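Down below are the structures I want you to see.
Two complexes, one shared chain (subunit A), two partners (subunit B, subunit C).
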Partner chain A sequence: MRLLLWLPGRLLGALVVLVGVSILIFAAVRSLPGGYADVILGSLSSPEARAALAEQYGLDKSIPEQYLLWVLSALRGDFGTSMVSQLPVTDEFASRLPLTLGLGVIAIALTVLIGIPLGVYTGTRSTGGRSSVLGRLVSSIGISVPEFVLASVIVFLFSRFALGLRVGNVVSPATDLAASIPTLILPGVVLAVFCIASTARTTRDAVLGVLVEPHVGAAVARGESKGFIIRHHVLRNASIPILTLVATLTAYLLGGAVIVETVFDVPGLGSYLVQALGRRDYAVIQSGVLLATVVFVVMSLLVDVLTGLIDPRVSVAKKGRWA
Partner chain B sequence: MKRTPLAIGLLATALVLTACTAPTTESTAATEEQPGYLAVADPSLATGGDLSVQLDYDSVEANGLDPQTATTARSWTLMGLVYDTLVTVGPDFSIEPGLATSWDTPSDTEYVFTLRDDAVFSNGRPMTADDVVGSLQRLLDSKSDWSLQLGQVSSVQATGGNEVTVTLAAPYTSFLGALANTPAAILPMTEIADGSVDITTTMLGTGPYVVQDHVQDQSWTFGPNEHYYGAATRGPESVAVDIVTEENTRLAAIRDGSADYAFFNNVDALDLLGGTENARVVNQQNTDFYYLIINSQNPDSPLADQKVRFAINSALDRQEISDIALAGQALPTGVTPATLPGACPAADLPSEKPTTDEIKQALADAGAEDLDLTITLYNTEPALAQIAQVMQQELAAVGVNLTIENLDIGSFVDKIYSSSPSDIDLALSWYAGYGDAAMVSKWWNGDVSTFTAGFKANDPAQNALQVAAGSEPAGAERDATMVELCASVDESSELVPLVTRPGVIGYRTDSLSPTINTNEGYGSVLRDIVDYRMIDAG
Partner chain C sequence: MTGTVAPIPRATAAQAARRGLRRAATTLDPLATVAACVLLAMFAATILARLVGLGGSPTEIVGTRLAAPSLAFPLGTDSLGRSLVPRLLEGIGTTLLLSVIAVAITAVLASTAGIVAGYRGGRVNGTIMRVGDMLYAFPSIILAILVAAVVGPGQVAALASIVLVTVPLMTRLVAVSSRAVADRDFVAAAVISGVSTPRILVRHILRNVAGTIAVQGTYALSIAILVEGGLSFLGYGVQLPGSSLGLLIKEGTTYMVKAPWLIVAPGVVLVIAILCINVIGDSLRDRLEPRETRSLV
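Right after this comes the complex of A and B.
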């Protein structure tokens, strides 16, 4: 019931965020020096040619007028046309999104399957022990090594030596799901390394924090098994920061995908947005940022809901709202 | 004893690193298989087969797929697979037949072209003289960049069933060179006129291939043009072009054989692919060259003083720039690209003569000691940053402190071309050099290249030299004019040519036997594709 009362407020807040971001990004991309005509026509072009191109795409109209036209179109489901490909932005996104989603799914799956168990393992071992030190070392390296370095090394190794997987020739999950997996594994793993490392680190810290709580001591005193204690007392209470992190990482993956997609030549959404920024392909940039905002807002909303369900104490009913 | 695992670990690491290091081999980068060719396809191999190519960027043009307004080398390369031109260029930049089998020049302003009688558009309609006339007229009317390169054309007329006559208003030596590039392609004018073909979205030419599929910024698939006049001797049956922006990924494709042929902008590719089994990498010289803008148009800047600009120009060592920034693969050049016939020798430029002490003295005399300047460049051309770093050291030696400002291309263009005077001290970029020295030198002619007005004075004397270089017939007299033009450009030191812009091509020797010319004028990295042979085509 509280959820039903709380949700409309949060949705309204999300809507305000989206409108704010749309205004901000619209103003930001148009204040960038150099427009589409400058980039595409190049330095040799005449001012007349640039003006004609600006008129062709309505870039000669005032900024508020352009914004209004874009918003009205977006409300009808038309997010504009890419000036580069002359195709609707929604079509461009639809062809690229499955690849970025595929990478994200691989990265999050590896994060959950490796990062959380690794964090629990190192968190439940003695802090000075070999496994704890090793876990922290692995986490530190994973967090520290930049994605472009790791990606470049992987590209070199897998192209230089026959190691079973190839770089490039990516197949979209939308075309052939089974065939896409081997082509997305390498970039997916690179994308996952930072997520695994940071999740392991956060999980370890959360587990260590819960382990010193009195109720865990009481469970030990009651003679409950170690596995039971970890599953029912430690993990449940440590799950909130982990959940928050994994949700944040999910949103982060769109940004992280930029580098990985570029280095591995994956024609996904991340690399497309960077390309669009360089070319001042306004409709693509605006829609891409809006999409990323939606993902982030939805994930935040989801985390809030789940957090409240996991730990009702977090629900701030006392403060007059649900979470 | 406990140290044994550590020692083994170090040894193993050393072995792995050794294995990862490309073995040093004798470079074949500049070795010609035949005069003018770095590689020549084996004609004994069968025609046919599927060629896989990786290029660095896709064609992105304001007018889509219209070749006449295309401005970038990749557009010319890709559209050149579908379209033919009246003439083409040979390995030594001599003009060779294309859709015109021959041409006469009854006077120095008149060109009479005899057309092939077997050229057919890919829709099955034979090419006519009207297509040629209409195409050239359309190009002239377009006022595009390339229409400037055609010179002053008075008329284009069909003077016979298979004959077209072009009359110029004034002699123009570069005319045939301008006709040899993709923007001068012959279009299906009947279909364009009746609206059955939109040339901005559909490519319909007389060339060897037709477009089967194109995904912007991702890939092109070309199939055979069944009506191509040279179909019997066409090499690959199909061409798959992947657009791979990341250089390392293209290197990977040549290493593991997932691409037969790839182009690289970075000369480091020569080393990075060196020693790769079943692969060869070559440095193809271009007429393209890097240049430095020294903004003369800001009256408040010390660079408004020609003596200061010339001193800065003189402090630059072009050979050192090539050696350090471009692995010695580039050639010092004046305004006439060093790789073109009749180019002025860069070593003879006036700026090559002053010593370091003389340069310092010149700066002191001009009251420009301890100058702080900013050099602006853009980040999609990695060599620019490398060149700027070398220049930073060279200018430091004469007391000029150089700060490097590396922008994205939009900001770069905006900063240089959106205001007059331009909002820069120095800037680095490159020009395509084309197939005749008078073509690129147009950008030094202020009457033609109004876009340089923000940083370069319009010098009537320099303009006259440029026009003379374009109108004099090839020979000693024209070469002397070019030397004079080079000296004038060098003395004014506003738009300073530095070194040529090399391109690197890598290919698999176990799958492809290509023909690659030593020097390229139009960035057409697939120029002789119809001569390529796939090893397993038979």
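Right after this comes the complex of A and C.
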């Protein structure tokens, strides 16, 4: 098991990244201009009230002390208290997570079901000429339409004209799963457009890269059918970049559907984070951004392990000077 | 063996650069040539607007509020009665200029870090990669908003966010390319003949990874426009009374029901600009990082 030899180093690297990220987040949040006291107490509050507030949230301690307290309690699952709502941050996140999760599941499901087959189709039929130009153009348009443009247009069309689906009045999947899907499908599709297009492009490139390898030529010479060659020889070898991309997209969707949630008025984690930033809600910003980065780091760790299992050469290579 | 050897004539730097430009211009395929022309037209229009006032003044109130497109105002007027044409031209300029400057900074930072990381390997590479990983772990729009909140909303915030969002990926890809070049024999030959390290980095490594830098720089430009747009759309980027494509689209959404033309024009221009850049990027990649494309299947 070469994988086991390589894993500890990779885990250590992830840990280093997480520590660095947490310091970056903490420093950024503490250097935000405009104090929390102005936001909560108003700018005319007395110095005594400000001091009491600072003590209540542990903001009178030294900066390194505050950082250590935050990290240690976060490790125990305690992310502090929201200054705005006075509720534990964990509860605030828990009530919003199902919405963000629902959007992410819809977008990723569409990406895997449409993006990968589309990429394989264009990759195996790309012999130049008009169809390849058309394919390039379509997938390029998909990655070129910004979320905020598409989201605004969709909101306009569906709120102006009766098109069957309504915008707004989002139902959380946690309260009623069946009723939530029609309300989440539009923002989910908007999120999916970019993901589908980029996955199709990556899949096409990966498939093209494998198709020219000698072992595919050998399979053709053995008289294997095209479908069999694509499933067994091409897709398996093309799977690593596709897997990496889908994992990256998933991590970003879970932490950062900020624009789509804001435009569609979905009270999920992304729009909450933007609001918290406007209100200088330290505990919420810190923990929200930290969670998003933790999801990303864990995801890329998982991908590396899976990659090592799919293609053992990768884990061997990573042990060398490159680690 | 002491006979003199005639020096091999070497192309001057200027000649090489001219040759590179000519090659780049002639190797773009037809689709990418169209894309490049569209982008050049956008640049020309925004420069003309700034120099000779093409389209009129972007701040002057000239008509009724939210007037529909007409002969006098080809794209209609906004909520204050300003003509949209000059606002759009100014917005294109701001967006493109911000993105180009930001990507130039990214290219310098990422090329330097990537080439050093790829050439030295080992601990230097590990350190640079870990720092890149830290930035890469942030979802891009969250990183952008966080930067904008710390620096204060505005053009500097947009610039800084674009650089921080685009640097990690480019550094990593340049490092991978540099690594591959550093292992080749001509680099070993240069080391053995006593060429100084800076000279090796510039003359041997940089030249051979220039293709990667050009391709990734093009893609970074499209990401830059996306980030600027998203940031201005959320209110953290370019501020009024300035103008940028993201800001115009944000304004457009406010009056979308009454005046849909306000979002259509900047939206279409933004999509076309990003599309053109991506098409050029694809074309550059096909030419500069060629792959075997003949297959039996």
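In the analysis below, the second predicted complex is superposed on the first by the 270 of 323 C-alpha atoms of A that agree within 3 Å, B and C clash if a C-alpha of one lies under 4 Å from a C-alpha of the other, contacts with A are read in each partner's own complex, and residues count from 1 in each chain.
Note that in this section contacts are C-beta pairs under 8 Å (C-beta built on N, C-alpha and C of every residue); 3 or more make two chains touch, one makes a residue touch a chain.
All values derive from a computational prediction rather than experimental measurement.
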| item | value |
| --- | --- |
| Partner chain(s) touched by A:Leu32 [first = subunit B, second = subunit C, both, neither] | both |
| Touched partner set for A:Asp265, first subunit B, second subunit C, both or neither | first |
| Partner chain in contact with A:Gln86 - subunit B first, subunit C second, else both or neither | first |
| Subunit A: partner with more touched residues, subunit B or subunit C | C |
| Touching partner for A:Gly217 - first (subunit B), second (subunit C), both, neither | second |
| First (subunit B), second (subunit C), both or neither touched by A:Arg160 | both |
| Partner chain(s) touched by A:Ser152 [first = subunit B, second = subunit C, both, neither] | both |
| Touching partner for A:Gly168 - first (subunit B), second (subunit C), both, neither | first |
| Those residues of subunit A which subunit B touches in one complex and subunit C touches in the other | 32-33, 152, 155-156, 160, 262-263, 277 |
| Subunit A-touching residues of subunit B, taken from the complex the two chains share | 20, 60-62, 64, 71-72, 143, 145, 201, 215-218, 242, 244-246, 248-249, 251-253, 255-256, 258, 380, 408-418, 429, 443, 449-451 |
| Of all residues in subunit C, those that touch subunit A in their complex | 31, 121-122, 125-126, 130-131, 133-134, 136-142, 145-147, 149-150, 152, 179, 222, 226, 229-230, 233-234, 246, 249, 252-253, 256-257, 260, 263, 267, 270-271, 274-275, 278-279, 282, 291-297 |
| Subunit A to subunit C touching residues, read off their complex | 13, 16-17, 20-21, 24-25, 28, 31-33, 124, 133, 136-137, 140-141, 143-149, 152-153, 155-156, 160, 208-209, 211-212, 216-217, 220-221, 226, 229-230, 234, 251-252, 255-256, 258-259, 262-263, 270, 273-274, 277, 285, 289, 292-293, 296-297, 321-323 |
| Interface residues, subunit A side, partner subunit B - complex | 32-35, 37-46, 49, 53, 82, 84-87, 95, 152, 155-160, 162, 166-169, 262-265, 267, 271-272, 275, 277-280 |
